[in-house]
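Down below are the structures I want you to see.
Two complexes follow with chain A in common, the first pairing it with chain B and the second with chain C.
And then the complex of A and B:
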């Protein structure tokens, strides 16, 4: 298995007028073929910003000051005025948005969006071929074909998220950047969605996933590797098991210990949370496990 | 099936509202203090030549002629009976002209000035607003400030300024009326060429205000839509901008569409002040004069016309927005 995505030296800054906010500060990450990289961190750590830069949808006030993205040996400059070909979005890197609730225009049926996505990438494709492709996918993943005819308001939250996931991967992107796809779902819908994502990865609908979330228990079940972000930097990254069992960096330790698991011992011990830790210790050098 | 239910419910409500409005149309003019016959008799008395007893006779005659001596409920029934047969009675103020004739004369002028103004204003306003939102920068700032200005100036003030500058000072266009003295309305090139010079001032005073209002509304709708999740998602999927713009336009259009319907419905009252400023012989002027003379039948006829126009426009807009927006259709027909 080779390296699928190599994102290097990414720096993303919000130009807010008063003062610039550096949200992503010289971050490099790698995703191997067939792998799910979990991107964890607290609110404001820069994980969503990094996700949107890698999925090529950064726009003002967010400015990418530097960085390159290498996928399958093709190098794309991200910084400054770099022109990113539109067709990269959706077919090379695709996104699964945070608020799938409103991700389909309320006046469009699912099939309208499917058709518009397909024809934006292939001018010669016929409507029938495009819809057949979607039907095939929907059936393969065990959803009813009639969702194609539905308006977004006719789908439940979980179903909408699954439909959006299918649309995001229609063009077989190499990398899927999923930004908090499970946050708005109940636990059983979360489980269904994650199983579907892993199934899609298995069937090579996409070759790798970056899974952005603050939900550590979810990451444990889905991620191959985890990278923890704090204040715009990756402070520690490594295989999931290692990160969960033996975190090295003080911030990772704090983050992992803030997870509550329904085990008897938690009824007796006191939960420290983040306040029990010394924030200055989080500035320790990054720990990168291979 | 759901659609039929939806339309049926809408229609039922429209009919109920129509009858309520019919009653109010009848009652409200009669609440204005004063009696139209008193006014007429007063004029005759002021002219002299008629004694007290004669005046009494004339008064009684008019009261009988207009049916004002009967109790209110009987007057109402007679009124409804006539209206249902399309007869709006005789004008008190311009006796013995029939109301149908007066309204028939004024209506074409109002439509001629308002309908083009509304349609032109709506199209230009929406395109301008959408462009300003998409392009941003100087176009946005200029169009926005300009639109805000025109939409906030009271229409009558704007009409008076236009009248003063263009007609009185510059003398480019005629000051008031609809056609030159000596001509009579007919379908000829000469008459049209003459009437069009009278047309421009009231037309532009309406159009500019309307463009302003529409552009401001459309711009803020489009700006809002630009920031929505679906626009972001479309971008992330590499959907062509041209296609996404169509998504945005469709959603931003919804409230604008309602605005168009209501503007057409408000055609008569919308231009009332403008018609007065330019002495344009439309329904606005007719209504204004009728109110001054307590001319019940004319007031009733015009307010009924307004009611019907508003109801029809609302009904049409409701049905059409139902077609454009699936959520509204679902909510109204109780489907999920």
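And then the complex of A and C:
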């Protein structure tokens, strides 16, 4: 299958007055058709900033100084004063921001949000058509249709997150950028959401996903490829299994070694995490596995 | 045994809207051990911690600390010298306008001036920080540093029991290990008893001597870490473990 998204040489800077903060420093990433790219890193590594630049929602104080985004062969300039056609936002690339599930209006039923999202992209769409689309999706993914009539507080955290995920792809975007979609959920709800995401990809509700998270074990279950970010740069990227089992870059090694999972060895040994590594070694050149 | 919790129950609301958040929970804390309560959101684990701290009235049950009934204490000042807590959010538990020094000064007053200064240096030493941090404001510290300051604050009282409620949940994985190591060091060097509450079985596995598992307000399984995590008996514990994403695929095959 071909390349879905090719983002090249992206540089994103926060203009904060006193001094500029380069959050994304000349980063290039690719997502193949049907693939989930995991974007991993610590807080402040620039992963969310990169996600929002690619989903075309960068706003001041964040400025995209350079970069191009190619989707399905169509090239869009991102840097400087480039005009981004509004048809791209939401329908070519869709963003599921962190904490979206807690941003649904508490006084409106879920179906109102569906209608709101659909209407903002197609002024003439009727309420019935919009809701039919949502009902169809919800049924196809095995969720109860009544969630549309519920108020947010009547849904559990896991269900809310599944609902906003479905709503974020109602417009059939080519790419979905999901920012920490599982981080606020407990492990069982995480698993259900990930299975649903893969199912959505299978049914072609979207053609590719960028999954932004700090949670490496979650990425191993969902991602085809992983890119690790550190201080605004991608330090290593490659197929998931390779990244997990044989990381090359010192930073990736350090990151992998600080993960605690319930495996027998962890109850016996002491792990030093990041502090056991020499921080200067993290500046080593990037390792890009094909 | 330093703490005995017996038939602890907490009911919120009344009548039709009644919720049994904690339902007849009993367990003991051994002196000098780290005990972890694991459970998903809504399992009641934080409610247990808040009752132990005396921050929430108890519906029924008894709490015995060092042989003394502490279920309904009028004056908790002495109790809180011995039982201290660290909470989840190191960003909101700080007063933004206080330097770290001012924050710790308040605890110093409780200890007394002369012993206080020494205790302060000692506490910061335990969490691996130097005295420079005293002049800093919270916004100048990272999440991990703030949480270590919060632990140092709790240590000022030289508590016998430290209750840490999701103390590492808001930190990056790389900083998390650091805090967990501080806790194991405190156990090993001061013989401190720790009750650590988390939803993350990986952390429980790394840290705990004993693990307690809660589901819907009930304590469904408890025992030594190796037994509970590597040969769980209760169906809920098994499911919880099966749902945890592992980093290495080979280990998933080993799972029963």
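One rule holds in what follows: the second predicted complex is superposed on the first by the 289 of 290 C-alpha atoms of A that agree within 3 Å, B and C clash if a C-alpha of one lies under 4 Å from a C-alpha of the other, contacts with A are read in each partner's own complex, and residues count from 1 in each chain.
The criterion applied here is as follows: a contact is a pair of C-beta atoms (placed from the backbone, for glycine too) under 8 Å apart; a residue touches a chain by one contact, two chains touch by 3 or more.
Owing to the predicted nature of the structure, the values given are computational and were not obtained by experimental measurement.
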item	value
Partner chain(s) touched by A:30 [first = chain B, second = chain C, both, neither]	neither
Touched partner set for A:135, first chain B, second chain C, both or neither	neither
Which of chain B and chain C A:106 touches, first, second, both or neither	first
Touching partner for A:241 - first (chain B), second (chain C), both, neither	second
Contacts of A:186 with chain B and chain C, given as first, second, both or neither	second
Which of chain B and chain C A:42 touches, first, second, both or neither	second
Chain B versus chain C as contact partner of A:95, first or second or both or neither	first
First, second, both or neither for A:8, with chain B first and chain C second	neither
Partner chain(s) touched by A:253 [first = chain B, second = chain C, both, neither]	neither
List of chain A residues in touch with chain C within their complex	42-43, 157, 186-188, 190-191, 214-218, 220-221, 241, 244-245, 254-256, 258-264, 266-267, 270-275
Residues on chain A engaged by chain B in the complex (per definition of touch)	55-57, 59, 86-91, 94-95, 97, 99, 101-108, 113, 116-117, 120-121, 151, 153-154, 164, 167-168
Chain A contact footprint on chain C (complex, rising order)	40-41, 143, 172-178, 180-181, 184, 199-206, 225-226, 229-230, 239-241, 243-249, 251
Complex interface listing, chain B residues touching chain A	228-230, 232-240, 243, 247, 250-251, 324-327, 330, 336
